[in-house]
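Labels run A, B, C and D following the written order; every chain starts at residue 1.
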Amino acid sequence: MKMSKRNVLGIVAFSILTVFLVFSMLMLHFGNIHPFGNPQENDMDSYIISNAQEETGANNAVTSVVFDYRGFDTLGEATILFTAVAGVVLLFRRLKK
Amino acid sequence: MISFGIPYLAVVGLILIGLFALVFKKNLIKMVIGITIIESGVNLFLITLGYREGSIAPIYTSSPGGIMSLPVPQALTLTSIVIGVAVLALMLSLVIHIYRHYGTLNVNKIAEGEK
Amino acid sequence: MKNSEGMSKIVKTAASTIFVFTLIYGLYVIAHGHLTPGGGFQGGAVVASGLVMLIVVFGSSWTMKKIKEENLSILESFGAIGFIGLGFLGLLFTGIFFKNFIVGHNMFFGMIPDFGSTIANINTGGVLPLMNFAVGLKVIAGLFAIVLVMAHATSSYSKEAGKK
Amino acid sequence: MNFLPVPPEYIPVLIVAIPLFGAFLTPIISRINGKVRNIFAISILGITGFLVFWLSTEIFTNNMIYTYVFGGDSNVIGSGNSAYAIRILFEVDSFGIFMAIIAIIVAFIGTLYSYSYMKKETGLDKYYTLILLMTAGMMGMLLTGDLFNFFVFLEITGISSAALVAFWIDKKYAVEAGFKYIIISAIGALFVLLAIALLYGQYNALNMSVLANTITNFNLIDQIILILLFSALAMKAGIVPMHMWLPDAYGRAPASISIMLVGATLSSLYAVFRVIFTLYGKVFLSVSIQTLEFVTTANILGGFIVLLAVLTMLVGVIMALKQNNLKRLIAFAALAEIGYMILGLGIRLAAKSVIYDTEGTAISILNPAYTQAALTGSIFHILNDALDVGLLFLVAGAIYYATKETSLDRMGGLARNMKYTTIFFLIGLFAMSGMPPLNGFASKIIIYESAYQLSPLVSIIAILSSIMLLACFVKVFHSAFLGPKQPHLKNVKEVPKTMLVAMGLIAILIIIIGLFPNLVIENAVKPTVDAILNNTAYISAIIGGA
């Protein structure tokens, strides 16, 4: 009984999401908003490509984004790994002192 | 228009496979796998957004020249992958604990065990 | 035998040899993160997978005896503190958190390469290589700690279950 | 006013960086000794709290927006519609700092409470690390002005809280609740990421102000993004029908974590407000005659949210009546309270109407006066709910600490041995169920009034669920604190002082806000509501003149 209710809910959510996602992706590609392999002129990325070397001194533009332009995101990312280690160690701790 | 947006449809396919596993599979490990498949779909989507036809990697070291693919989506994907690893580690350790307590990974049996 | 756990002697010897190369490759990826594909996370993951290979070969409890997880936590903390510390140094020197405060000083990774396709010069990138090292340390310690703790816990659990 | 060693422009970054730095330092500090570690964590949160309060006075009095750019000064290139942001930036307005005050209060109280409450547990160095990380995550969520950065902090908060929910790993329900929570937060965060990727694909930007400036025509992709963001964040905020994780997570976590989870949930609720009023502000707020169809859109969304709010209240209250476990009961009551908060949001959107002249052409668009009041009540209630629910969770934790019991059947007569806890419970009870003169009444009455003008039925349901909450808690009070003393509870003692201090601090706040609600409304809530509704200021703070 419980499972069937869950299945029905699941099927409904599943089909709604299917329609949504397919629509949005088709829009992106065929609506010429962001067709695959041919993104429109992009200010943020072209700025980074042309200025990364001078501003950060790194030849690798991706690294310059990761550690300089979006360095704070990377701090968050490192924090998440730190959180996961803390969480895993916490969960597998010895219970008695 | 040569690709007909197939990468985007692959993204939808991956997300739907993941959701299917998440919603209809009863094994906890399979649910976790479902989440990682959704995550792969989203990562593929992010990296797809940054691709330009005929472009090279955005690295200047001995580069052959030419247009470069967009660096920001690549950086975002990198972040997202590491986040995925962290979430996966924690989910799996919780699954291990659930198995210790209930002796099963079946969702239905765990729900019964509650009563 | 001192260490009866783990795989056979052949595998152990081979793994110890391979581990050295994995370590060197991983450190190479970390050190050249600002020049070639890769960086702290990727290189750290390479080294950590080498270490995980050691867990597989030598057994988790032997590894746990050699390296305590608390020490790994401390090591990881040092990596994280190094990373956020570089951010704070930027705040201190220029008033901007995460400012690339070394670049442009012509010393200590401070050079700026010419625009366009250039030959790799390790002495560039400002704080980026340093951050790569900090993150690399963090990722090595972090991933290794996660796998070590989980492997140790599961193997000790299966031993308990076997006794019952 | 500048008595700090740091200029005020640096404070937004320090609010996030100090807890993070403290978290990274905690494993090293805890090598010294447990006491030092506890005091270290508390003082780190104290410093952060001080900075938050100081920044909030600056922001509330001047009604200004602080921005902070990470990694460089040349952040925004161009201005107006062609502007784009390169770097991550923090954008702190009244709304963000208001929520940050709530988050830091619950984090500080929770940590103070843990000092004695968790004393006998192992693994405390990781526990304090995770608490600091969770605080940093909440602060980042509330202060950031960049969508991807928001996602990162959402994940930090989600992972650390999931690990903390499962803190009592020897209890199978706790582990299960933690697993549910992490599944929910992983899915929620992935859909948020998908929406962010869609936004990036469409508008090539990640900055919230730049995006808010570009989202004007509400096409199909915008709608899909809104639905993805709303459903994912509503799931994390525990709105019915995606509330299944909430009672488990709140009810099975240690009490000090339950109160922090309230903060985490409210941070997700903040994101719902932020998405609707800032990101989609040009669709839902600045509606003109030219964009008439947006009024219908806003009304439909508003009606939908009102429906969700009513459902949330009813489900919360009805399930609370059935519970026998004290903490689960409070968790369901907390769920009902979330309904009140989104009720104000729904009323704001649902009540927008178009005025037609005699020939049937639209002449103006009206926002009735009570919608402003509804939003005020809603924002005020966020503060009150965090305090009330937090206090009740702490009382439940105190009872558990003293008696090791969670079931109401096995409690009784506690009032004789635990006088202070009883008083705190009474304060929490009356505040939560909206009795004057406590703070819950002050905000609920505003919500009732505005709901009545939208539809009397909604108002009646809201009042009814408050009464049922009262009935529910009176039952708890009777069975736990009054009545005959259970034989196995003979030697129950009052809880340690730090726990009483933590509860007392919240109780004092509740009473002060209850006695002088206008003080809080004028000085904090009004600027917050103004900041929410004035998305032009939010946009132009980054990209210059609109």
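Going forward, a residue touches a chain if its C-beta (ideal position, glycine included) is under 8 Å from a C-beta of that chain, and two chains touch if they have at least 3 such contacts.
It should be emphasised that the depicted structure is a prediction, and the values quoted were computed from it without experimental measurement.
*Asks:* Which chain pair shares more contacting C-beta pairs: B-D, or A-B?
*Replies:* A-B
*Asks:* Which whole number of Å gives the spacing of the CA centres of subunit B and subunit D?
*Replies:* 29
*Asks:* Approximately how many whole Å separate the CA-defined centres of subunit A and subunit B?
*Replies:* Comparing mean C-alpha positions, subunit B is 9 Å from subunit A.
*Asks:* Where the CA atoms of subunit A average out and where those of subunit D average out, how many Å apart are those spots?
*Replies:* 24
*Asks:* Counting only residues that touch at least 2 other chains, which ones in subunit B make the list?
*Replies:* Counting only residues that touch two or more other chains, subunit B contributes 15, 49, 57, 59-61, 72, 76, 78-79, 82-83, 85-87, 89-90, 93-94, 97.
*Asks:* By residue number and range, which residues of subunit A touch two or more other chains?
*Replies:* Expected reply: 28, 34, 39, 42, 44-45, 48, 53, 55, 59-60, 62, 64, 66, 68-77, 79-84, 86-89, 91-92.
*Asks:* Among the residues of subunit D, which ones contact at least 2 other chains?
*Replies:* Answer for subunit D, listing residues that touch two or more other chains: 20, 24, 70-72, 148, 152, 155, 159, 162-163, 166, 169, 201, 206.
*Asks:* Specify the contact topology among the chains shown, as one of line, ring, star, complete or other.
*Replies:* complete
*Asks:* Could you please specify the touching residues of subunit A with respect to subunit D in the complex?
*Replies:* Contact set of subunit A toward subunit D: 20, 23-24, 27-28, 31, 33-34, 39-40, 42-45, 47-48, 55, 68-73, 75-77, 79-80, 82-84, 86-91, 93-97.
*Asks:* Would you mind writing out the residues of subunit C in touch with subunit A in their complex?
*Replies:* Residues in contact with subunit A: 33-37, 39, 41, 69, 72-73, 76-77, 79-80, 83-84, 87, 97-98, 100, 103-104, 109-116, 118, 120-121, 124-128, 131-132, 135, 138-139, 141-143, 145-146, 149-150, 152-153.
*Asks:* For subunit D, which residues count as touching subunit C in their complex?
*Replies:* Within the complex, subunit D contacts subunit C at residues 10, 13, 17, 20-21, 24-28, 31, 68-73.
*Asks:* So in the complex, the part of subunit D that touches subunit A is made up of which residues?
*Replies:* So the residues of subunit D touching subunit A come out as 20, 23-24, 70-72, 77-78, 82, 84-88, 122-123, 126-127, 129-130, 133, 136, 140, 148-149, 152-153, 155-156, 159-160, 162-164, 166-167, 169-170, 198, 201-202, 204-206, 220-221, 224, 227-228.
*Asks:* So in the complex, which bits of subunit B are touching subunit C?
*Replies:* Contacts found on subunit B: 57, 59-65, 78, 82, 85, 89, 92-93, 96, 100.
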